[in-house]
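The structures considered in this document are given below.
You will see chain A twice below: alongside chain B first, and alongside chain C after that.
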Partner chain A sequence: MFLKRQMPAIIAIGVGLFILFGHFINNPNVQGFVNNDATQWFDIIASFAIFLGALNMLKLQVLKVVKKQRNWQYSILAIFGFAFAIFAGFFFRGANYITLTDIHPQNVNKLVEYISTVQEVDDPVLMVKGIQGSLASYEIPKIFISRSSAEAFSVTISGIAKDVTLGVKPWGAHVQIKGSLFSWMFFKIFTPLSSTMFALLAFFVASASYRAFRIRNFEATLLLVAGIILMIGRVPVGELVPWWLVSTLMVFGIGALIAPLIPDKKLLFGIIIGGIVLTSGLGILLDWNLAVNMPAILSLPNISEWIFDYPTAAGSRAIMIGIALGIIATSFRIILGIERPF
Partner chain B sequence: MDLLKKIFIALGSMDRRFIFLLVGLSVLLPKLYPDLFTLPIKASSHSQRVFDEIDALKEDSKVLVSFEYGPSTKPEIHPSAIALLNHLFSKNIKVYAVALWPDGNFMATEAFSQVADGYGKKYGVDYVNLGYKPGGEAVVKGLASDIRTMYTVDLLGNDIDSIEMMKDVKNLLDLDFIFSLSAGYPGSKEWVQFACDPLGIPMSTGCTSIQVTDIIPYVENDQIKGILSGMPGAAEYEQLVQDALNERGIVVSPGKASINMAAQSMAHVVIVLLIILGNITYYLTRKSGKKGGM
Partner chain C sequence: MNNKLLVISGIASFIIFIYWATFGSWFITGNAPTFVGVIIVSATIFYYIDGAKSGKEIYLRPIPGLKAIEEAVGRATEMGKSVLFVPGISDMDQVDTVAGINILSHVAEITAKYETDLNVPTCRAIVMESAREACRESYLRAGRPDLYYDDMVHYISDDQFAYAAGVNGIMIREKPAACFYQGKFYAESLLLAETGNSIGAIQIAGTGSASQIPFFVTACDYTLIGEEFFAASAYLSNKPELIGSIKGQDIVKFMVMILMVSVFALDSLRQLGILNFDILVLLGLN
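Now for the complex of A and B:
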């Protein structure tokens, strides 16, 4: 019981208080602990958390298959994906490379031709320059997943240089090297799947906006207008919106705001039409078609930037301050042992 | 008039698959016929600020670039990464890459492979990729204190003490600038809170559009020197870098963000039109509903 309840609380309270007060104690050992050791502890725990998370995911998926829960077939795919990633990461490097030593200068162009048969060469001239600069030892910019394919290619290019050697990228590094099995999995499976999932959002956002973005009250209207200005103002097409359209929409907006104060609809209509004629006339007189003459307020990109810089920044600050106060309160509750999420 | 009302009401009950088709076409057509959808790209003050900050760095300055994004947000942030590396390498600035996201490793590797060779930059001499470390803000804090407590080897397994450009770098204070390419947590906010603000190191960020609201207060406070907001920000920065490099005689082809901006513009226009159409239908049906009720 002590190990399960009191011990975690003592560790959390002790370490929490020590790190908190450590910031106010000007002692190199304490500062060293707070700035270095504690962060390394955190890193080690975070690494274990990844390990535990992966195991937990595996356990859940296996249980789903064993118990044949709803949609268990997808779990087989998840387990297979997990096993494949583990295989490509820990058991099979699939990152063979070829190094040429003492390349004959007259064979450089031929080598580029050979390389282009196994690897897309964006700029052959640049590659020729690169090889000419490393004639003594040049690593072919192609990683072979299987050793047999690397050997077959090395036989093809055997006459190009004095010596052709095969190597395998070191463990750990193999995961990141473009062309390895792990990298192939990332770029050919994970990347398209992940991009597809994210891209689908555009369609759902469009459909949801069409159905749910309604002018129901003042707040909804404000949100809608700001949303539309940002959507158009943040993309290049916003630059093409003419000043007269923006000024007309502004007059309509003002009309909508003052409408409840003016019961006479004819008068309201007159004010709106008068406003449109006035702004349009001013624009023609002052030549607002020229970008330098146009008031900044009539440019949608400027309005969208203003929305970002002022109302958005103010709202975000308020949220951030609220979150910060919440974090302080929660931290104190944990440090004092009132709350025990562990 | 009644016919018009009926048309709008019928449009209001449009099948969602038709909306999907419209959005799909609005993205596809500008990609298929880019010449028909050429739009001007004008830099916002935030993108201009990022460009000016990077451009003001001297030759041989040291810049840390943190990759905190993955494949899902690659179209928004990767163009910023490519333009940034073009800008930095063209000025002979040394680049130190780290990743706070595991996917960031791949993004960094790809970005370097796309840009470094074009400027004849050598790994370990002109740029280094230290790779991913789990821990988020703890990693940032650790780097601020001592890089070697976090990284003993680089991404390729080389001892970092054997890397030439790491020799005179102990912690973040030895760097001149930090650039966070961020798609969420951990990301730009953690860099500001645990490194750049406490140590006084200037930083800028390129992030997803959805993150801008979270980061803009730091930009307004000048804790972050400019922001590249999503794909529009990336396109603006690409344009600024392209113009600057062309002036210096370096030919750079238009970046992916600039090419994709037409598609994004059209998609936004379609969504806005759909919202307006939806509201007209809503207004008409509500009005006829009220009348029916009476």
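Now for the complex of A and C:
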């Protein structure tokens, strides 16, 4: 019971206090622990814990297939993917390469031609220069997943150089070398799938924006107006919106705000038309067509910048201060052992 | 003032004294304002924890998102569907995840009482283990340890989008009636929340990631914003010592407000040449 209950609390409180006050103690060992060792310990524990997670995932998927639970077919794909990644990472390097020694200078162009049959060559001239610079020993810039394909290619180019040798990239390095089985899996399967999920975000942003911008109340209207101003103000076309359009829209906005206070619609109409005439007349009189004369408030990029720099920044900072204080209070509760999520 | 508080104040004063007395040798130069800040914040929070423990009444304003937790689980029970709890994609080194696990323990207690299925897909193995421990305790507390099984908390993937795809798949296939997103989230927040919205689930989100709050506000029924998320476990537990820390946190916020206004006023007076005192230098900001 002590190991399960008190011990974790003692460790959490002790390490928590030590790291908190360690930030202020002028000692290289303490600083080393706070800045490096503590985080490395966490990384080590997390690395071991990954086995727990992987085994749990595998167990659940296997059980699903064995018991033929609902949608068990998807689990076959998950198990296959897991097994394939383990195979490519731990059991099969799939990173064979060919090295040529003592290449005859007259065979360089021929070699480039051969290479272009198995690997896309962007700049043949550059490749020729590269080979000419290392005629004594040159590694072909192509990784062969299977040894048999590497052997077949080495037979093809056997007359090019005095000696053709086959090699395999070392364990560990094979997962990062472009062209290996693992990198093929990563770049041809995993990356496109991740990108697909990320790309879905564009559609979800559209549907979420639609819902947020639906005019239901004053706040939603404010959000819609601010959103439109920000969207237009942040693109080049926003600079082309003329002052009279912005001033007219502003008059309409003010009209919408004061509308509930003026029951007489004719009077309201008169105020709005008067406002438009007044602003337009002022603009013509003061020559607002010239950028230097135009008030900054009538430029959409300026308005969007103001919205971003002041109301948005103020709101987000208020939330950030709240979050920071929340983090401090939660950390304090954990360090003192008042709250124990472990 | 009680004796305990006097002792704490004494210790704090002693630490501050040592700090100033040995400045530059034992302590890191330049960290003085932060250190004093830590001491003041800690002492304030501790004071209110102590006050709450001694029976002082503390009012907490109602938070709709927290009140809706029981309602969401109840809805899932009535519909005969499961409850999905997503604890974010970060590890236990993030306070957000810790706060998420704390909320999970309350949700698990309600699902245990209502005999509703709970599904907790995790992105990190350590979070999986912590979440299991929290759920096990909650089912035990609710008097239903028989309903708990380890696999209600399961691991999907460490990768952000693989995890999002996995959770979205669970949502589409199992159609949970209530979805909780409580933890640290990044770009996957909207993927999850919009999918949850499309299946008609009641959704309650909470995160400390300021950039993801707008997405949750848009797509979820209730969102715990900022400090509400970190106060959630204290609010739900109703334990005096935890509620006291919330009060302390609010007092610190009030102190921060006063400090901000004071700094603004004093610095304005200095810039106008009325005052010959630089508050920014004192706070280590200049």
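Basically, the second predicted complex is superposed on the first by the 235 of 342 C-alpha atoms of A that agree within 3 Å, B and C clash if a C-alpha of one lies under 4 Å from a C-alpha of the other, contacts with A are read in each partner's own complex, and residues count from 1 in each chain.
One rule holds for everything that comes next: a contact is a pair of C-beta atoms (placed from the backbone, for glycine too) under 8 Å apart; a residue touches a chain by one contact, two chains touch by 3 or more.
Since the structure is predicted, the reported quantities are computational estimates derived from the model, not experimental observations.
Q: Which partner chains sit in contact with A:Ser183 here, chain B, chain C, both or neither? Use first/second/both/neither.
A: The first partner, chain B, only.
Q: Return first, second, both or neither, reflecting whether A:Phe2 touches chain B, chain C, both chains, or no partner chain.
A: The answer is neither, since A:Phe2 touches no partner chain.
Q: For A:Arg234, is the partner it touches chain B (first), chain C (second), both, or none of the two (neither)?
A: First partner only.
Q: So, A:Phe91: does it touch chain B (first), chain C (second), both, or neither?
A: Touch partners of A:Phe91: none, neither chain B nor chain C.
Q: Determine, under the contact definition given at the top, whether A:Gly326 touches first (chain B), second (chain C), both, or neither.
A: second
Q: Taking the superposition on A as described, I'd like to know which of chain B and chain C A:Arg211 touches: first, second, both or neither.
A: both
Q: Contact-wise, after the overlay, does A:Met57 reach chain B, chain C, both or neither (first, second, both, neither)?
A: The second partner, chain C, only.
Q: Just chain B (first), just chain C (second), both, or neither: which does A:Ala46 touch?
A: In the superposed model, A:Ala46 contacts both chain B and chain C.
Q: Residues on chain A in contact with chain B in one complex and with chain C in the other?
A: 39, 42, 46, 49-50, 194, 197-198, 205, 207, 209, 211, 316, 320.
Q: Of all residues in chain A, which touch chain C in the complex?
A: 20, 23-26, 39, 42, 45-46, 49-54, 56-57, 60, 70-71, 74, 193-194, 197-198, 200-201, 204-205, 207-209, 211-212, 316, 318-323, 325-334, 336, 338-339, 341-342
Q: Using the touch definition up top, name the residues of chain C that touch chain A in the complex.
A: 19, 24-29, 31, 34-35, 38, 41-42, 45-46, 49, 91, 93, 95, 98-99, 101-102, 105, 122, 124-126, 128-130, 133-134, 151, 154-162, 164-165, 169, 173, 187-188, 190-191, 193-194, 208, 210, 213, 215, 217-219, 225-227, 229-231, 233-234, 241-242, 245-246, 248-249, 252-253, 256
Q: In their complex, what parts of chain A are in touch with chain B?
A: On the chain A side, the touching residues are 35-36, 39-40, 42-43, 46-47, 49-50, 123, 126, 130, 169-173, 175-178, 183, 186-187, 190-192, 194-195, 197-198, 202-203, 205-207, 209-211, 213-215, 224, 227-228, 231-232, 234-237, 239-240, 301, 305, 308-309, 312-313, 315-317, 320.
Q: What does chain B use to touch chain A in their complex?
A: Per the touch definition, chain B meets chain A at residues 14, 16, 19-20, 22-24, 27, 39-42, 44-46, 70-75, 103, 105-106, 109-110, 113, 117-118, 131, 133-136, 138-139, 141-142, 144-146, 149-150, 153, 155-157, 209, 212-214, 216-217, 219-220, 229-230, 232, 235, 261-262, 264-272, 274-275, 277-279, 282-283.
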